[in-house]
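Next come two complexes built around chain A: one with chain B, the other with chain C.
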Partner chain A sequence: MEAATRLYYRYFPEKLLGEVLTKRWSDNLVPAFAVLLVVGFFLARDPGFFSLASLTETSRQLAEFSIIVMAMGIVLLAGGLDLSVGSVFALANITALICMNLLGWPVWATIAATLAVGALCGAVNGFLIGYLRIRAFLTTLVTLIIIRSIVDIILLRYAVAISAVFPDSDFWFFLGEGNVLGMPVSFLVAVAIVLTWHVVLTRARFGWHLSAVGGSRRSAFNAGLNVKRTVFLTYVWSGVLASASGLFFAARLGSAGSDTGVGLELAALTAAVLGGNSLGGGRGSVAKSVLGAIVVLILTDSMVRIGISGGISSAILGGILLLVVAIDVRWLKNRHKILNKVYVSPSYFKLPEMPETDAGSGTPYALNDRLREVSLIGKGQIEGPEVVIFDRHDNLYCPNRHGDIVRFLAPDYDEWEIFAHIGGHPLGMAFDRHDNLNVCVGGMGLYRIAPDRRVEKLTDETNRTFLSVIDDSRLKLADDLDIAPDGRIFFSEATIRYDMHDWAYDALESRGNGRLICYDPRDRSTRTVLRNLQFPNGVCMVGDGESFFFAETWGCRINRYWFAGAKKGTCETVVPNLPGYPDNINRASDGNFWVALVGMRSPALDLALRKPGLRKRMATRIARDEWLFPNINTGCVLKFAPDGEVLESLWDLGGVNHPMVTSMREHKGYLYLGGLYNDRIGRLKLKDADPDWTSQEFYWGAENGSR
Partner chain B sequence: MGLADFVATAAGRLMGGRGNSSITVPVMDGPLKPNDMLETAAAVLEEPGIDNLVMGANGLLASAGDRLLRLRAAGADAPQTPASFNAEIMSLAAHPDAAVAIGLDGGGIRLLAADGTEQSLVGGDKINCPTAMIFADANTLLVCNGSRTTGARDWPRDLLELGRSGSVLRVEVASGRVETIRRDLAYPAGLCLTPDGSLIVSEAWRHRLVRLPADGGAPVSVLDDLPAYPGRIVSAGNGGYWLAAFAVRSQLQEFVLREHGYRKMMMAEVEPDYWIAPALASGLSFKEPLQAGGVIRLGIHKPWAPTRSYGLLIQLNDDFAPVASAHSRAGGSRHGVTSVLPVDGNVLVTARGAGVLMRMDSRAFDDVSQSGEKGSVQ
Partner chain C sequence: MNPAVEKPHDSDVATRRDKGFVITQELIVAVAAAVLFVLFSVALDNFLTPGNLVALVRNVAVLGLLSIGMAVVVIGRGVDLSLVAVMAVSLTVSIVLANKGYGFGEALVIGLGFVLVVALVLGFLVAYVEIPSIFATLAVASIVYGLGRGVIADLDVNNIPSDLDWFLFIGRGSVLGIPVSIWLFAFTALVLYLFLRRTGIGRFIYALGDNLETARITGIPVRPVIVLQYIISGLMAFLAGAVTAASVASMNMRIVNSTVIYDVLLVVVLGGIGLTGGRGGVRNVVVGTALIGLLLNAMTIMDISYTVQNLIKSAVLLLALIVDALLNPRDEQTAQQGDI
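Take a look at the complex of A and B:
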């Protein structure tokens, strides 16, 4: 049973579902599925529909219709509604016919005049709605009627005259009936328009403004966008596109019927919303509009083919509109809930039996009170000193949760100042050869602070993983770093699936969501060196110039990775089964290494790690404060030899002085303790340590002249 | 479980946790609004394991582990130990004639007379888990037998096993004859008699107080949906009752109770001290399960944090509606309130998890209940 669970969670890509849902394009999946369904259904029912002649004719209709739907989609995206597209379509049709047939204008002039008429209609709408702030629904309903009346008046007077004349223009004919490479001209033009608008909406400033205005008018205004003009322009473009569609219609049929474009607004609206454009604005794309257009067009055409009368097919269309609007509203409202339910995706993880930690057990982990004697630095003055580090003048540096680097001044560390402000939550720190302070900042990336306090971003992105669904190129939670002798900076990113403050979710998943990244200052490149690690945390050079230790927090183990030399690229587990969750690793003066255990394992949680389904239900059904959690109220400091043997442990039972230990640094005979959720820094006198040893001098040598 | 129940449970579970699958826990509000009264109450005596308080004819008695203690209500003096037993004392009841009945873990009930002579009243085969007892009259002892399968120490196991094997029994003192009043109760852990003679039992695992009809009919709930596991209940003398709640419910707990696979694996593989289960005291080992809200931040253990152990004493009115309460919250220590006894305008309270006997002025509760009422009106 447990084996089945293990295999399922190992090979079934459950987390993909959640990741796909975070994507904006996931909205398209339902309409795309609907397209397949509709096409499949009519293919099975009526194979004649897909003959070449039929497809050519359909693609002409599709070109006209999808341009209209796109016009509707653009208006919807900015939070509006354009009911007048059908009337504008009819007006454009009659305008083009008058220009060609009665006035005898050349084609280019006809096109210009038609588009201008469309733009004018759109501008009226846009002015009323954008600048005078009249309701879009009422305004476009009124213009729908008015423009329709104008069309009727024109028809009364010129319909006969128009049908009497046949324009003598090859280009006009080409526009309506011609083919290029076997494909209708109008279809190709529509494809070009679609592609252009896709680029505009997704890549261009105007498109982003549209989404912003539609998403939240007030925020867009506050961000300095010209909301009124943006809204105005959407209606103008809607009018232009509708008239372009009318133009093709005129060229194709050349008829001035009174029912041209009647009910088109309903079909276009149905198609736009069916495709996934939100009625509320802010969510929509060209692809959605086109998908919707295909479904609605095939539906209406097929209803005609199988003999459903016009009235009933309109009713069916209306019913579909009602249905998709309801779905749209519910989907918008519940999408984030669904996402919350499916995004967290725990995996199966079985830890070995926890090592004995009882006081009398005789293991190196046996409980003791050695940390109780710590004296405290900055108690109540500092919030969240995750790590501590010293410069060559014994000043103490630590980060806080406000994004500052705080400097406590030697020798007594009573006075402190803000050395630099970065932002985010600075986590790991290391001095390089030139006494620059390199900092991993949770939520931001890798930064460098020069001795003159100048802050410089080194990197905030790495290469994106091939075929990854979520964009993992940004650094979400850069955690700890160390610097190779050649200057390369190796740092850990704890998780790529969650942000800094949601790290608890990653604990719940206990999957390898983290990675190790290398920043090379020589060519300023960043690349990922190792993936799928369980919350990689502390990083510390072994000292042989070709490998480093790193801790996998949720994996309860310490690994060694070779970045150079004969074993380059290999990774070995050095300390496999810790009784707690390892955090930062640092050098000790006796050639061994310190590692902080940020929390201790609890048997109930270890058991829950073997029950991914349980953790998933826990995440969805109970409040986050009630979750079963790694016990980070008790921690300890361990010392281990380079070969992985754990030598000793330092505990503070009950966490009186130092409830949480995320890091420690040995400096001149003292051990300094940091903690992510602490309001203090601990300082402990080490009995047998070298009183002159400093990590900086040991690793980089005495003060050098290259500064 | 009947088919209808099964379908209802399955549907409730599928629909995201409704009905039986709901894991909501009532919030502590109104009369149960948290305060620090237990945490700040005067400690009369510190005695590890101090548990059941009763007022005997010759003074105050208490149990602590396997020992019976004789105390002075004022405290101060070291307690005398008139008797000790070979099993843990689970409950006491004072006989009107100065004798005292002693319920032992797995060992039945003994009667200790005022002159020190001791006799067995009921054998351990009939009553193995006497969680609470009272004398209805000189010849009738009413006993809650919490569970047929567990004893004093491992009551969390009975909760996790969804125990429904408790019973309320009537013991005829003269003959030692045992008669069952009601069986299949979910850990009855306290009982008292109302002035009109009806029997009230606290059914811990169902978080409620029930009235057991004299004719043996189905229990009638008088107070339900408690956010805690109710334990011993005593009459306040001047109207109303005191209810000791030995632990509080939590969402995680309710969740685990419905996760049968995990529940069973945990009982099989994890030491009982480290189960996801309520406890009388917590924070003793880092191996205990921690919940997210319990993480110490900037040196502070939040008092609202979910916790395995809690101190809660509830004052009820004549209709068993809560009117006031005293708390020791997460981060505090006076957890696991198991017994309460009104004495001369004071109430004596034992927090067994902390091993403390406390004295509180009952008028302090009037202030709390009034401020609570004001709060609810405004």
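Take a look at the complex of A and C:
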């Protein structure tokens, strides 16, 4: 039974589903499915629909329509709405016809004039909505009528004259009816426009500004974007695109009917929202618009073919609009709830029987009170000193949760100052050969602080895993590091699926979401060296120049990884079954290693780790405060030998003086303790330790003149 | 209760206290209407003829009824673009049924039932599904119109069966020398005035138009109140439809494609009911209706073509929207995402 559970959770792609849902392109799956459904339906009903002639004609219409829908999509993306596209389309049509048929202008001048007219209409909309901040819906509804009235007035005067003349231009006909490689010109131009806008929206600054403004207008403003101009420009582009579409229509049909573009805005809006562009902005893409355009075009075309009356078909279109808007509104409102339900994906994990920790048990883990006597540094003055480290002048450095590196001044550590500000939440720290302080910053990446306090980013991304769904190139939670003698920095990233404050989710999953990464300062490259680790945490060089220890917190074990030498690339478990969750590892003066256990295992949680279904229900049905959490309140410090033998443990049962231990650092006969949620640093006199030993000198040798 | 709700500041923004005399948008519009009336009487030959005045008054009554319906929704920070479609199609339902042999009273009741169903659906979509009112009403308008043309009636124009003098009296008769339609408008205006100003639910509409979230937190049943708004606007549309049908003895569904709905918006916005919600009242509708009714009538008399009329009306509406935006700037604190 348990084997079945294990196999199910190892191979069933439940995690994949959650990750797909976090992707923006997953919104496109529904409209893409709708395309297949509609196409399939009409293919079954009427195979003639997809004959080559019909397809050519359809693709011309699609070109015109999808440009309009894309225009609508762009405006929607920035949080607006443009109902005047249909009228602008009609105005562009009539403008092009007047230029070609009546004025006899060359084609390029016609194109320029038509696009200029569209841009002007868009600029009016944009000025009113962007700069005067009138509501988009009503404004464009009114400009719809105004432009439509102008079209009607022009039509009354020139319609007869236009239809009496045929323009004498091969290029004009080529534009309307020509083919290149068997494909209509307008279709190819539309493809080019679509691709360009795809690149603009996803890769260019302007496109990002659009998403930002549409996603949160106020935040965009606070971030320094010119919100008004951005909104203004969306309408200008919408006008230009609508007129481009009208231009093709004019070239194709050459007729100036009074019903040109009537109701187009409703169809375009339906298509845009059907494709997945959100009303209210922030979510939308060119692909969505095109998908929506295809569905709506096929639907309306088919309704005409089947012979549904105009009234009914507009009612059907209205019904579809209502439906898709309703889905959009509900989806936006509930998306994060659904995501919460499926994203967290616990897996099966079986820990060995927990070692005894009773006081009289005789194991090295036996409880004692050796940490009770710690004296405190900086009590109440520091928040979240996850680790502590010393420079060559005995000054003490620790991070805080505000993103600062705090320096306590030797020898008494009463005075402190902010050494440097980075941001994020700095975690692991290590000095390199030249006394630069290298810091892993949760949420930001790997940073270096020079002795002159200059902060420099070393890396915040690594190579992306092939076929990964979520983007794992960005560093989410760089945790601890150590530096090889050749200068390479090996650091752990605890999880690629969650941000730092969501570490509890990762514990709940107990899946190998973390990895080890190597930063090479020689060519400034970053490369992932080992994946699928259970919350890799502390990293510490063994000292042989070719391997290091690292702790897997939720895996309750310590491993050794060889990055050079004969065993290069292999990883062995050194301490397999700890009674708690290991955090940072550091060198001890006697050649052994210290490791902090941030919390102790409990039988209930160990059992729950073998019941992924239980944890899944827990994650989705009850509040986070009610979960079974890994205990991170009571822990201890262990000392282990390089071969993995655990030698001794230091406990503080009450946790009164120093509640949480996430790290420890031995320095000149004292052991200094850090804790992620503590407001103090602990200091304990070690009886048998070498009073002159410092980790920095031991590892890098005596001062080497860089300072 | 929130002081802003206790004393609706329908005039605060446009107010300038000057020697105890308050100038409001409402007052400006009223004066403008009076001036225009005098001006047209002098300048236009056919203006003061009895025939024109009757036509003017009838149109004003219909426009006014629709505008009251729109006003109730706009005060609650919505917009009802389905008014004209509901007006035309509901009366068409009644007329078609009457022509099929139903008693006309019975047919009217069924038409009213149709209105209620549409209003409930609309209210549900806006209040419970939370579709922005502007989309919901636009889509419902096109559905209702499509039903009307595709399912309910074969023809766009449907004539009322003969010998229904009691019904035509609504549109054509007069009491004490004043047309019945005006009495009807006056009565409705009074009822809605009392409803909005004097009843708890009326105050709730202002409260949720002012700030929906606050109203919700205060404990006002915002969703049912929103549904009620659409029921009221539907009833107004039905009344307006009855007056229209009674005055010309038929109902023409093509009116949906005309720009009447924008005239209604124009009345509401020009009258001084801010689109941001929570302000204005029936008085604003009355003066707005007077002004717009006069303008429309004058343009018709001056023989301005339909398309040019549309151009002028929509330009004025745009101007009104700009002024509204400048006088009642949108409050970014309470403006909602997707409130476009």
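Everything that follows uses one rule, which is that the second predicted complex is superposed on the first by the 700 of 707 C-alpha atoms of A that agree within 3 Å, B and C clash if a C-alpha of one lies under 4 Å from a C-alpha of the other, contacts with A are read in each partner's own complex, and residues count from 1 in each chain.
Keep in mind that, in the parts below, a contact is a pair of C-beta atoms (placed from the backbone, for glycine too) under 8 Å apart; a residue touches a chain by one contact, two chains touch by 3 or more.
These numbers come from a predicted model, not from an experiment.
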| item | value |
| --- | --- |
| Comparing the two partners chain B and chain C, which touches a greater set of residues in chain A | C |
| Partner chain in contact with A:Pro659 - chain B first, chain C second, else both or neither | first |
| Chain B versus chain C as contact partner of A:Val39, first or second or both or neither | neither |
| Partner chain in contact with A:Ala116 - chain B first, chain C second, else both or neither | neither |
| Touching partner for A:Ser314 - first (chain B), second (chain C), both, neither | second |
| First (chain B), second (chain C), both or neither touched by A:Ala608 | first |
| Residues of chain A that touch chain C when the two form their complex | 79-81, 128, 132-139, 141-143, 145-146, 148-150, 152-153, 156, 217-218, 266, 278-281, 308-319, 321-322, 325-326, 329-330, 332-333 |
| Residues of chain A defined as touching chain B within the complex | 383-384, 504, 599-605, 607-608, 611, 614, 617-618, 620-634, 654-655, 659-660, 677-680 |
| Contact set on chain C toward chain A in their complex | 79, 125, 129-132, 134-136, 138-151, 259, 262, 265, 275, 307-308, 310-311, 313-315, 317-318, 321-322, 324-326, 329-330, 332, 337-340 |
| Touching residues (chain side chain B, partner chain A) in the complex | 16-17, 23, 250-252, 255, 259, 261-262, 265-266, 269-271, 274-276, 283, 286-299, 301, 305-306 |
